[in-house]
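Please find the structures below.
Next, two complexes with subunit A in common: one pairs it with subunit B, the other with subunit C.
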Partner chain A sequence: MKWYLTADDPGKVCLLQGNEAIVRGAVEAGINFAASYPGSPSSQVLGMLGEIAEERGFYAEWSANEICAIQACFGASLANARSICVVKQNGLFLMADALHCGAQHGVKGGLVIVTSDDPDAHSSTNEFDSRHTAKTANIPMLEPTTIQEAKDMVPYAFELSEKLRQVVIIRLTTRVCHGRSNVALGELPKEIRKISNVGEWDRLTCVNFMHKPMLDKLDKAEEIFETCEYNRIEGPDFSENLVICGGTGRLYAKEAIKRLGAEEKVTLMSLATIWPIPRKYVLDRMKAAKRVLVVEEVDPVIEDAIAALAGREGINIKIMGRGTGDMVRIGELNQDKAEDGIRKLLDMGPRTPDKPVADLPAREMNFCAGCPHRATFYVLKRVLRMEKVYGCSIGDIGCYFMQGQNGGFYSNQMDNCMGSGINVAEGLGQLTKYGLDQKVITVCGDSTFFHSIIPGLISAKFNMSNVILMILDNSATAMTGFQPHPGCDVTAMGKPTQPISIEAIVRAIGIEPVVADPFDIDDAVAKLRGLTKKDGTQVIIMRQPCATLMSKRVKVKKRVYVDQSVCFGDDCGCNRFCSRVWGCPGNSWDFKAGKAVIDTVSCVGCGVCAKLCPSGAIKVEGGEE
Partner chain B sequence: MLSTIALDTQVIQKDLCTGCGACQGMCPYWGSVEGRTICYFDCDRTEGRCQSFCPKMPTDLEALRAKFFEGSEIIPEIGPFRALYLTQAADPEIRKNSQHGGTITALTEFALKEGFIDSCVMTKSEGGLNARGELATTAEEIRACSGSSFQIPPTLAVLNKTLKENKYKKVGVVTTPCKGLAVYKMKNKPLPEKDNNADNIGIVFGVFCGWGLDWNGLEDICGKYSDVTKLSHMDIPPSKYHRMDLVADGQEIHVDLDEVEAQVRPACHYCTDMTCEFADISVGGARSADGWDVDKSWNQLIVRSAKGEELVKLAIEKGVLNVKEVPETALEKLKKAAAGKRSKAVAKAAEDK
Partner chain C sequence: MKKFSHDPLNIVICGIGGQGNVLASEIVASTMNDMGYKVAVGETYGAAQRGGSVMSHVRVSSEEEMAVLIPSGEAHIIIGFEPLETLRIARKYANKETFIVYDNRPVYPGGVLKGIMEYPQEGAVEEEIESLCGKAYVIPAADIATEAGDSRSANIALLGAFSKLPGAPLGTDELREILKQRFKGAVLEMNLKAFEKGCETVKEEE
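Up next, the complex of A and B:
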């Protein structure tokens, strides 16, 4: 365990990762309750909270989905608990209804949501900007620019939440979550806050007459934000050139200004209070400036807010940013991109771009070596092609999103959001009665099944849609780092619990699930193909534990090797089937010999490639579990 | 062009694929389901056996005939020719389960016994359904393949697999005309470095063919008129009857030919070969003045090559085959029937243009 998460050593400087800083901040805030559904980049937070929960006397859980998580937090808040809910941008959007209602009824015990956005979509399908949600839901939002601030803002947010009796959101981005820097630890609370029983006349209800109080809370927040110590000015207090930053934008802009030697020419304002914008604080500087550049991650949220402000106040100022196209409109920012914007602000002419360090070959994302999903999609691809009319394949969100790339044999035709697969497929499946002459197959992971598939499956079955759901049961939320889900036998706090059976749920819906092992390829093909011959809503569970989990359980891994004297290489009859088509990272190519070779470092010893090799050149030996 | 794409765009998507299986059984890319040829994954080779074995890819037929039928007369309508016989299996047990006279079953069994072949790739079915390629290595296994299926399974995939394994050195094969051509393309070794042991191909036994049927279409017809679990036989009597006969549970059921012909495999409409011109011997149903009741237990047999001649003569000499006199008009009638199929196919192709 990481001692610095709970060390009672105020002022001690430790190297903390952003996600650890959030955990430490929550400990310093003396939380009582934490709930989350994993979503990178902030997935690690609840895992760590779970580990220290018992020691610190609070409760932590992995909820089945983000709606469950936030509403559990609202429940805790009603009993005066301080609760933290950790999600990523998609999770925040998923809970939109709960959030809007929650903002209207407010909170009792402090409630802080930590959401992490993923500019450039490093581990997401999108780079959505959660800041819009603060605006539509009328919830105050903070964004740290450093890891120290990430920690410090958690207790600050709780105090604010309790002062306002309102939810407070802290927005992070990937660089803050995954970056590391020195952080001075704060004080630990002397004792943890008392839970109080819910009084007969205690109320947290979303009713329309709370609309006005909700807006009043926002006004109050703005008033507080006018003097918030996290908003700051660097460089001259007032100047013609104003740069307003949100989040990590500050660090990029600061470095760019330094590079350009423009420290004396530019007023650099960092806004930590994203919503509501402290209007007076901003206006004072705007009135003195001629031009303003906004440097923020993803959408022009601050930019639009100050543009509206300038318009309302009749200030004649040139506003530049990602919305005006003066900064790149998409993707993650960096120093160079910030420099491009500042050069425009200062009329300096374009930057000479750096030469690329090396010509790196383009590479697709791929499943890990030995991943059962590869076998599952191999099975799926075969079955889709076996159909008279190529079957239609609908994906979902998880590692298996890579179904759309080489690792999944390019078998994904549509992907909306988490839990969407069954619903999309339900709709298509209905059309098979109206002229769609195709089999419709959709996939979901085990964690996704519990997260948001069940209602869709019920809808499909009830409405008699012709659709096959493949549940990829690898016993883990592998995408985000093996957090337990309701199908597992241990909770976030390490307590044994009864796993919830996917089969039992499917059966209760009135469908008899077929279970297949994707590593037994021929059998799995036969089983899935069997389902394509049936009408109605069908379920097949592809069960094989995640390779990374398995390789941890295996004592001695099987030795897999290629007998190159037998291998067909790139000759007709094989043409590098293992490394080119099957594509497991363990299947490599020996350029000298012109034959296949196993990369023994990557190979986990699953041995599936040996079953597929057309020459029988791949051998499997030994192994111990 | 990539081999897999060539076959897909020039043969499969054009509805020319016969489902013979010549492209299959050698690599993980090709397979077949219910008579449909499937490319599971794209192969990026431009030179491949799949496309060079496919009977529907361009072929120099003249050169093939010249190479493999030296000394045989070439009759334009029916191909290489040495003799025409009317034959049947002498063994009544064989005749009982075979399609017509049991000539194929008797001859392949004899060829195995006499060492002409050491195994035989055949087609097995349950009364004509669920057809699949089989490697027969014993007389019992050969007999189990008696009878015709009008489904077209990828039997040559089994030939390819057998040759690849290289265990049997004289592999006989029973083929329809499309498959026969593919086998001779294999024997011709289009990729000399990669011949899949084509020298191990033994005697080629052709069967005449009018057309094959859509896999599921035939299943549906059989299901509609019979209990498919009791199906034991299916055949098409001479054209004047205009029907297909099914035998289920010993009962003969007649199905109007129009209903059956609606299910003809699209590729068969373009096929110009009725008598399986690429084979050592070719066998079909007999047509004589005796009428269908007698003819249905006899075969016409065309001997095409020296090897075929040797085998047939020995089989007759050893009393394995019964023979009867061939009517004078038989060859002319056969030529006319074969020319009829060819001209229909040519007309169909012209119509598409």
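Up next, the complex of A and C:
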């Protein structure tokens, strides 16, 4: 545990990661309750909260999904608890109904949602913008520009939430979550907020007559935001050239302005209050300016809001940003991109373009060395190819998303969002009765199974769809860093609990699951092939723990090596099966010898490649669990 | 407080997921924070899978507030765990005054092993890195670490070389003290061995 998360040392300056800053902020706010489902870049927050929950007297849980998490927080709020819900952009969208209803009924104890967007999709399949949700749900939203502000905004957001009796959202982006910077610690609360029993006449109900009070709360928020200390002006107080920034945009723009020597020519406004926009505050500067450039992450949210404002007020002003194409339309910001925009704002002409150079080979995402998913997709691809017509394979969200890439033998044809696989496959499976002449197979991980697969499996079984669900059970939420899920035996707070059996759930739905070990390739192929001969909804559980998790448990790993006197190299006829086809990072090629070699740094000693080498040149020795 | 050759001083640490990149950046950054400097660190590591390109930006200043990313062409020091990754970063962030310490042992991308992509010809990567910066030092960090007892100490060997660079924000003695606070027993011994060897590599060249 990191001492600075709970240290009673106000003013002490520590190096904090953005995710740690949120944890520290929650501690300083004196939360009672925390719930989350892991999603990068903010996955680490609840894990850390779980570790310190007991010490600080609050409750923390990994919920089965984000809807469970936010609604549990609403429940806690009804008993006057301060609760925090941590999600990523997709999680926020998943809980949309709960959120819109929640905004209409409001809260009692403060409720703050921390959502993390992932511009450039570093660890996502998309770069969606959470800020739209604040607008559609009528919820106040804040966005910090530094890691210090990320911490400070948590207690501020709780106070605001209780003042308004409304949910407040803090939007982060990857560079804040995964960035580190100096943070001065604040004071710890003297005492934790008291939980109160739910009174007979307490009400948090989503009914339409709450529509007006909800809008009144938004007006009140705007009034508060007009003087919010997190909104600020740098450079000349008023000028012809106005740059309005959201989030990380502020520091990028500030550095770009300095690099251009334009400090005296540009007014830099940073808006921390993303929604509602403090109209008076913005209009004052806009009226003095001739041109405005908006520097914000992902979509033109602030840009569109101020454009609407200028139109309504009849101000003749040029508005530039991502929406007009004066800033890049996609991808995350940096100083160079901010400079491009500011050069346009100031009519300075473009930067000298980079000299064109030959591309360097990229490092494509791949399954880790020894990952059971590689074996699973090898099995799947083999079975799909055994059919008269190549089968249809539908993916889902987890590490196994890489099924569609080289590492997964390009073995999927569709991937929508988390929990979608079974539903997409259910639809296709129905069409097998109307002319679709293919086997339909879909996959999901163990954590995804609990998150959002169960209703889809029920729907498929009830409606008698011809579909096979492969559950890739690696005993972990591996992609986001091994958070426990309902199939595990320990909670976020480290308490032992009874794991929920995937088999029992599948059986209760009326399907007898087949269990296979992906590392036993021939047996797994036979079992999956057997299921393709059957009609109806079928389930196969591919069970083998995550390699990274296992390598932490193994005392002495097995030694896997290539006996180069047995390897025929390019004369074998296997087309370098181990390093080219199998593609495990542990399987490399000795270009000097022209033979296979094991990269002993990467290899975790699973030994599966030894079973697949046609000449038996890969050997396995020793090992101790 | 020591004045730097550049303020903010920008350092990029690059390599492949699992090589100890993040730990190296964290050691430098938290030490500079404890010494009272302003620090900003940006880590790019994408999805959790190992083996992809990773980089950390570490920025240090005596007064200024900084974004967590370094603007292109403004790295003063680059620490590279792998030649291809070092070149990738040098192309974007190096300038004619940049110092580079890097391990030239290649780790082939999957695409190269599969025959879909081509690895640059032998010597071409080193040559281009030289041409892009002020001075580049080749440090056989993985070999040093393996000799010291574990290939995972390669990051510490590179930190040793880094501490010898003119303009490094932390000297050899300061970094050695930090290692002694951070590690214990056999791990410390191994790391110190790798560290000293790393230091020597830069000394010998001078």
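By our rule, the second predicted complex is superposed on the first by the 617 of 625 C-alpha atoms of A that agree within 3 Å, B and C clash if a C-alpha of one lies under 4 Å from a C-alpha of the other, contacts with A are read in each partner's own complex, and residues count from 1 in each chain.
Going forward, a residue touches a chain if its C-beta (ideal position, glycine included) is under 8 Å from a C-beta of that chain, and two chains touch if they have at least 3 such contacts.
These numbers were taken from a predicted model, which means no experiment stands behind them.
Asker: Just from the overlay, do subunit B and subunit C fit on subunit A, or is there a clash?
Answerer: Here subunit B and subunit C can both sit on subunit A without a clash.
Asker: Report for A:367: first if it touches subunit B alone, second if subunit C alone, otherwise both or neither.
Answerer: second
Asker: If you tally the residues of subunit A touched by each partner, is the higher count for subunit B or for subunit C?
Answerer: Touched residues of subunit A are more numerous for C.
Asker: If we overlay the two complexes on their shared chain A, which of subunit B and subunit C does A:602 touch? Say first, second, both or neither.
Answerer: Second partner only, subunit C.
Asker: After lining up the shared chain so the two structures overlap, which partner does A:510 touch, if you call subunit B first and subunit C second: first, second, both or neither?
Answerer: After superposition on chain A, A:510 lies in contact with neither partner.
Asker: Check whether A:494 is in contact with subunit B, with subunit C, with both or with neither, and answer first, second, both or neither.
Answerer: A:494 contacts neither subunit B nor subunit C.
Asker: Determine, under the contact definition given at the top, whether A:572 touches first (subunit B), second (subunit C), both, or neither.
Answerer: In the superposed model, A:572 contacts subunit B only, not subunit C.
Asker: Give the angle at the C-alpha centre of subunit A formed by the C-alpha centres of subunit B and subunit C in the superposed arrangement, rounded to the nearest 10 degrees.
Answerer: One gets 90 degrees for this angle.
Asker: After the superposition on A, what does A:255 contact: first (subunit B), second (subunit C), both or neither?
Answerer: second
Asker: Look across subunit B and subunit C in the superposition and give the shortest C-alpha distance you find, in Å.
Answerer: 8 Å.
Asker: Hey, what residues of subunit A end up touching subunit B and subunit C alike?
Answerer: Overlap of subunit B and subunit C footprints on subunit A: residues 580.
Asker: Which residues of subunit C touch subunit A in the complex?
Answerer: So the residues of subunit C touching subunit A come out as 16, 18, 26, 29-30, 33, 36, 38-53, 65-69, 71-72, 84, 87-88, 91, 107-120, 142, 151.
Asker: Help me check something: in the complex, which residues belonging to subunit A touch subunit C?
Answerer: 13-15, 40, 122-123, 146, 175, 178-182, 248, 251-252, 254-256, 259, 334-336, 339, 354, 357, 360-369, 399, 402, 406-407, 478-481, 548, 576, 579-580, 583, 585, 587-589, 599, 601-602
Asker: Touching residues of subunit B toward subunit A in the complex: what are they?
Answerer: Spelled out, the residues of subunit B in touch with subunit A are 3, 26-29, 31, 33, 36, 38-41, 43-45, 47-49, 164, 191, 194, 196.
Asker: Over in the complex, which subunit A residues touch subunit B? Could you list them?
Answerer: Residues 381-382, 385-386, 388, 409, 570-575, 577, 580-581, 612, 614 of subunit A touch subunit B in their complex.
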